[in-house]
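Both complexes below contain subunit A, partnered by subunit B and then by subunit C.
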Partner chain A sequence: MFYRLAGIRHTSYAADRALWPAPVDRVQIAALLLFALAAPFLLPNLYLTSYLLPWIIWSTAALGLNLLMGWAGQIHLGYAAVMAIGAYGAIHLVRAGVPFEIAIILGGLLSAAIGLVFGFAALRVKGLYLAISTLAMQYLVDWIISHVPAISGGSQATLQAPAFRVFGIPIADDRARYYVALAICLMVTAFLLNVGRTSFGRALAAVREKDFAAAVIGVNPYRYKLLAFWCSSLLGGVAGAVLAFCYYRAVTPEQFDLDVSIQAVAMVIVGGMASVIGSYLGAALVLLAPIVLNNLVGALAHALGLPLSADVLSHIPLILYGGLIIGFLLIEPLGLAKVYDNLRNYFLVWPFRHARR
Partner chain B sequence: MSYLAELAANGALVGLMYALTALGIVLVFKTSGVANLAQGALAMVGGYVMWWFAAALGAPLWLAIPLSLVVMFGVGRGIERVALRRMVGQPVIMIIMLTLGVEILLRGAAPALWGAVVKRLDIGIAQQPIVLGDILINRAYFWGGLVALLLIGLSLLFFTSRQGVVLRAVADDQAASWAVGIRVERAIGLSWGLAGVAAACAGILWGSVQGVDWTLSLLLIKALAVAILGGLDSIGGVLVAGVAVGVLENVIPGYVDPLVGGGTRDLVAATVILLTILVRPFGLFGREDIERV
Partner chain C sequence: MRKTTITYAALAALYAASIVPAAAQDKAPIKIGTALDFTTVYTFVTAEYSQGQRDYAALINARGGILGHPIEISVVDTGNQPQRGIAAYERFKEEGAVLCDFLSTPVSRAVVPRALADGMNVITMFHGRSDAADGKVFPTIFPMTPAYWSQATSIIKYIDDQEKGDLKGKKIALVMIDSPFGREPLPVFQELAKRLGYEFQSFPYPSPGNEQSAAWTQVRRFKPDWTILWGAGGGQSVSVRDAIGNGIATDHLASVIWISETDTNIIGADQTKGLLRFEGVAYGKTLPAIEAIEEQVVAKGKGAGPADKVGGTYYNIGAASIALVAEGARIALNKEGEPLTPAKLKNGLESIKDFTGEGLLPPVTITADDHQGGGRGRIDAWDGSKWVPKSQWAAAYQDIVWDLIHKSAEEFKASGK
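And then the complex of A and B:
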C-alpha cells in the first residue's frame, strides 16, 4: 500500500545501515517532526500544555529508563528518585545563578553520580535482588529529599522553578517551554536511535543476553553495567529537570514518589523494551489512558445513571497501570512497539503477503 | 533502660507480624524461585476481605476469619493460575514486573471496590496496654505477635507433612520432582495459596492495629526487608529477621527521631535491605548459591 515495497533489498552498505530503510519511514518521521515543530501554532494551548508537553517529557524519561531496562536488561524500580535528584539539583543550581543549559547538565550529572550508586548494587546482585535494592533506594532518596530542608525547602514545601533563559532567550510562555522540552527530547531520541549501532549499544545487548557470555567475548560486564546506569541516570536527571522546569514549574517530593517510578516502568514495558518508538507509544498510553478511561467511565456512569463514588474514579489510574503491565507481559511481552512492527511488516508488502520481507 | 526494653519488646512483637507477611514471600520463592512483590497488596486485600465479611456482611468473628483465609487462599492460587503459570521460562525481570503489576492492580482495585476511607477492624482485642513490670506492651501487638509466632511455627511443622515434603522437593529441584511424579504446578499453586493465607493473617492482625486501607500494602517493604535479611529461602530466618527488623524499627526512631526531627522509622527497612544486599546478599540463613555476576 503506502509503503510500495515488496520487501527491503539493499544495494549498498550505506542503505543497509540506514536508520529508516523504507522511504515511507523517512516521510513519516519528517511529517512527525514538522508537526512537532508546528504544534504550538496548530493546537489549542490546553492540548499543548496538558497533553503534548507531558508526553514528550515523559517520552524522554522513558527513553532513558529503556536504555537501562531494554538495552542493558537491568531492572530499576527507583527511576523517579533519579529524576528527582536531577530536578532538585537543577532548580537549586538555577536559583544559585547558574545558567539553565549548564544547570540541567549538572543536574543530570548529579543524578548520574548517585545513579552509579544504584549501579554498584547491580554489580553485586541481579534480577530480584537488584529490583529490591533499587526499590529500597527509592525510599531512601525520597526520605532524604523530603527530610532535609536544604534540599526540599522544608517538609511539605514546594520549590518554585525560577525564571530561566536558554542561550540568552528568556523562556516565559508555554510555547517556549514546549520548544525547550522538544529540543531535549529530540537529542535524547537521536542518541537512543543510534546507540544500537555503536559498540556501546552492542556491548549492552551482549550484557543483557548473558553477562558471562559477554565477558567471554571480551565485554567487561561490570564496566558496561555501570555505564548503563550512569547513562540512563543522566538522561533521567535531565528529564526530571525538564519536567520540573517546563511542566510542573515547581517541585515537591510527591512528584517523584514510588508510584511515579512504577509509572515509568509501566511506560517501558507497555511500550516495548529496547524500542525508541515503543517509549513514545508507552508514554502516550500510560499518560493518556487514565484520562480517557476516567472520562469514559464517568460519562458511562452518568449515562446509565449509576452513582459512581469518587473512590472508584480516583483509583482508575492505578488499576489501569497494573492491568496494562499484567496484560502486556502476558499477551504481548514486546509491547506496543511489537504491535506497531507487526502492522508495519504486514503493510510493507501488502497485498503480496508471499513476498520476502 | 526500661524505655529501651519497652521499645524492643513492642518492636519484636511488631516484627513477628512483619515476619508473617514475609512468610508468603519466602514460601513462594522457596518453591518456585519467583519474587512475590504482590505480598503487600495481598495483605491489604486480606484486611479488606475480613472487614467485608465482619463489618459489612455482619458475620461473627469465628466465621469471618476462616472465611477470609479461605478466600485469600483462593486469591493466591488464582494469581498463580492466571498469571504466573504462563510466565514460566520468561526472564526474571518479566516475572518481577508481573508480580509488581499484580500489586499495583490490587492496590487500586481494593479501595475502588470497598472504598478508600480507613475501615476499623475490630477483632476483639482490648485497647488498654499490658503492664509487665515497668514496661507497657500494646495488647494488639502482643496478640498479633503471638498469633504470628504460632502460624510460623505451624508452617515449620507443615514442612514435615506429606504436602510439605512435596514443597521441599519442588524447592530443591523442579525437574527432578517432575521425574518422580510430583505435580510441580500444583505445588507452586499451593505455595501461592499459602502465601495468600499468610498475607491475610498479617492483614487482619495489622489491620486491627491501624485500620484497613491501602497503606496496609506498605507492609511490602518491611516484609521484603525481613525476607532478604533472613535469607529468601529460610523460614527460620524469617522469624529471626522479623524480630530483628521490628526491634530496629522501634528502637532506632525512639532514640534518633528526637535528634533529626522524626520519620526515621520508614528508613530502617530500606537501610536493612541495602546493607544486607551489599554485605551478605543471601541473608542470615539463606543458601549461598544466589547468582552473582
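And then the complex of A and C:
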C-alpha cells in the first residue's frame, strides 16, 4: 500500500540495475536529500552545529570503516588513528599554504599510505589477532602525535584549523562548514552505494566470505585485502580532516584516542555491517544517543522535581545507553539497518503478511 | 533514515517543551552553563567541584542574588567527549548563558575556538590551556588561577626556601604522567635548574598511571633530595604509594594541585603525613565563605551534595570559581548596567582587583592582559587529618611563566591563520 509496487516492470537493463528500483525509495531519498540541503535554513543553529553536522561527519567515517569491516570483513581497532593522520596531515598542509581541496585529498592519501602498512598485518592474521595488531597502530600513532611537538603543535598540544577556502569561497560560518561536510559525505555515500556493484566490491565480498575460496576463483586476496585497507584509510583520513576543519576547528590528540576507535567500531556493528544506511543509523545512535539521553533524563528529573545528585543523573543515561546497545543487538544482531529493513519489508506487502515472489 | 530523523525531531521537541522556566525572581537570572565530566576521566574532582559551585550559587541567591539577579547553574555531563561538550556549549549559548565551564582539558580545548569566535566567556580553573592567561590572545577565556607553570615555580620557590636559598648540587626529580599535561612544566623546571643550579631529571610513567614501578625504581637510583609529582586522578595515589615504598620522605614529596584528602585517605591518612602539595584555593571549613555556606545553605537542607564534602579541596575550588564569577558580574552590573551580557561580564571579570572571596582565594587581580589573576598560590602539607598551609600566598618567578605564556599564545595565534 505504501510502496505501491504493483505494475512496476523494468523494461531496460538500466532501470533494473538502478540503485533504488522502487519509486517510493527514490522519493524518500530525494526528500532526504532536499532536507539535508535545506537543513541550514530549516533547523536552528543549535541542531545544525551540534547534532546534524557531527552526525554526517561521523557517518562518513563510519562508512569508511564499514567498507573495511562490512564489505571486506577485516576488523580495525585503530580507525581513530587513521582519522588523526588525515586530520593532522590536512591541517599541516593547509598551514603550509596548500589549498584545502588538495590538502584534504593529500591528508587522505597520507592516512591511506600509513593505514596500508598496518594492512599488511591482515595478510598474515585474522579476526582477534588482526584486532590486536590494528590496536597497535592506535597506540603508536597516539604516542607519536603526542610526543612530537612539530606534529601536535607545542606544549599545549592543540592546533587550530586555519581559515580555508573551497573553490575560492571562504568557509567562515557554520552553514558553509556544513555544506562542505555534506558534499564529502554525499560523495563517500555514493561511492559505497555503488561499491557492491563493482568488480572491486564483489572481490571484497569474496575475500570476506573465505579468502582461500576467493583465491580459488581467481580473486587475489592479498591485493584486495590491501586495497580494502588503502581505500578505507583514505576515506577515514578524509573524514578526520573534515572533522577537524568543519566541526572541531582544532585538533588535539584526545579527539582521536582509543575510545573514539571503539566508538567507530560500535557505529559499524550497531548500525549493520556492509550497509550504507546502517552506517548512518549506527553513527546516530552511538554519537547522539548519549547527548539526547542526557538532556532527556536531566529534563525529566527537573520536571518531576526528583532530588537526584548530578552524579547520579549523569550515570543514568550511561545505563540507558548501554541498555539500548545491548537491546538493539539482542533484538537484531544484524544491526539497525536490518531493523529498518524488517520494517520496510513489512510495509512492502502490507496489509498482507508476505507476497508471492 | 527518515525514521531516525523523525525520532530525533520528536525527542528534541519533547526536550524543548520540558525545559522548565526559571524560578520566579524579580530580576532575570544570570545563567552559567557547566558541562562537566562526571563519568569518565575527571570523576575524581567533578562531583565535589560541581557541589561547591552550586552551593556557592545558593549562598549568593540566599543573600539576595547579585544586585537582585539570582545565579542559575545548569549542569550536564560530557563524559569528557569533545563533541558532547560542543553540543552542550551550543545549547548554553542558545539558553542565554553568559559564561560556561567545562572542567576538562580536551573539552575546553575543543570549545576555545568557538568561544573566542562567539565572544562567550569560559572559565578554566586549574585546567585547559595555560597560555589562556594571555588575555590579549584569549580575550574570553579565564583561567583566573595559577597556571601549571606558576604551580611549578611556586613549588620550586618553596623548596628553595626550605634549603635556605641554596639549591646548588641538590637533586630534584619530577615524576610525571607521559602526556602533554605531564610534560607541560618541563621548561620551567629546566630553566630554574639553570638559574638555581639544582640537578633536574624527569621520570615519565605511562598514562593513565595505574602502573608506575618502572619509573620509581629509576627515581630510587637517582636519589633525589626533593621529588615532585605531576599527575591527576587515580595515578596520584599510585605515585605517592610507590614513592613511600621507594623510601622517599613524604615531607620532601610535593604534588601539583590535583591531590586531595580523598587520595591521602585511600593511601592511608597516617602514612601520608607531611605530604606537600600546591594549593591555589584555600582548604577547609574555617573560611568565612564556607562557614556562611554551612549556615545559610547546608543547615537549611539546600546543599547540593553530601554535607561531609563541604570545605574539601575540590569543593572549595568549585565555590571559588563561582565567587570570582559573581564578583565579576557584580562589577559589570554596577559599571555597565543591565542586562548582563557576555561582553559586559568579560569587562567585569577583567576589573576584579584584590578579591579574596571571603578567605577562599589569595588576592586575585585580573586585568585585560593577565587572566591568570596574579599566579599566587601556596604550599600546604597533610597533617594526617587536614591540609595545613606551610607558606604564605605568593607568586614566584613570574617572568619565566609569562615568557612561556606569551610564546605559547603567539604559537596559538599563528596556528589559526
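One rule holds for everything that comes next: the second predicted complex is superposed on the first by the 310 of 357 C-alpha atoms of A that agree within 3 Å, B and C clash if a C-alpha of one lies under 4 Å from a C-alpha of the other, contacts with A are read in each partner's own complex, and residues count from 1 in each chain.
In this text, a residue touches a chain if its C-beta (ideal position, glycine included) is under 8 Å from a C-beta of that chain, and two chains touch if they have at least 3 such contacts.
Everything numeric in this text was worked out from a predicted model, so none of it was measured.
Enquirer: Would you sort A:D311 into first (subunit B), second (subunit C), both or neither based on which partner it touches?
Expert: A:D311 contacts both subunit B and subunit C.
Enquirer: Between subunit B (first) and subunit C (second), which does A:I325 come into contact with in this model arrangement: first, second, both, or neither?
Expert: Touch partner of A:I325: subunit B, not subunit C.
Enquirer: Using the superposition on chain A described above, determine whether A:L288 touches subunit B (first), subunit C (second), both, or neither.
Expert: Only subunit C is touched by A:L288; subunit B is not.
Enquirer: When both complexes are superposed, which of subunit B and subunit C contacts more residues belonging to subunit A?
Expert: C
Enquirer: Touching A:G73, do we find subunit B (first), subunit C (second), both, or neither?
Expert: first
Enquirer: Looking at the overlay, what does A:I277 touch: subunit B (first), subunit C (second), both, or neither?
Expert: Second partner only.
Enquirer: Would you sort A:L343 into first (subunit B), second (subunit C), both or neither based on which partner it touches?
Expert: After superposition on chain A, A:L343 lies in contact with subunit C alone.
Enquirer: Residue overlap on subunit A between the subunit B contact set and the subunit C contact set?
Expert: Dual-contact residues (subunit A): 309, 311, 314-315, 317-318.
Enquirer: In the complex, go through subunit B and note every residue touching subunit A.
Expert: 35, 37, 83, 86-87, 90-94, 96-98, 100-109, 111-112, 115-117, 221, 224-225, 228, 232, 260-261, 263, 266-267, 269-271, 273-274, 277-278, 281, 290-293
Enquirer: Given the complex with subunit B, which residues does subunit A contribute to the contact?
Expert: My answer: residues 69, 73, 75, 77, 121, 123-129, 131-133, 135-137, 139-140, 143, 147, 211-212, 221-222, 225, 262, 265, 269, 309, 311-312, 314-326, 329-330, 333.
Enquirer: Which residues of subunit C touch subunit A once you look at their complex with the stated criterion?
Expert: Result: residues 1-5, 8, 11-12, 14-15, 18-20, 36, 38-39, 46-47, 50-51, 54, 75-77, 79-84, 86-91, 93-94, 105-106, 109-110, 112-114, 129-131, 179-180, 183-184, 187, 304-305, 404, 408, 411-412, 415-417 of subunit C touch subunit A.
Enquirer: Once bound in the complex, which stretches of subunit A touch subunit C?
Expert: Its residues touching subunit C are 28, 31-32, 35, 44-47, 49-51, 54, 95, 146, 152-163, 247-250, 252-255, 259, 277, 280-281, 284, 287-288, 290-292, 294-296, 298-300, 302-303, 309-311, 313-315, 317-318, 340, 343.
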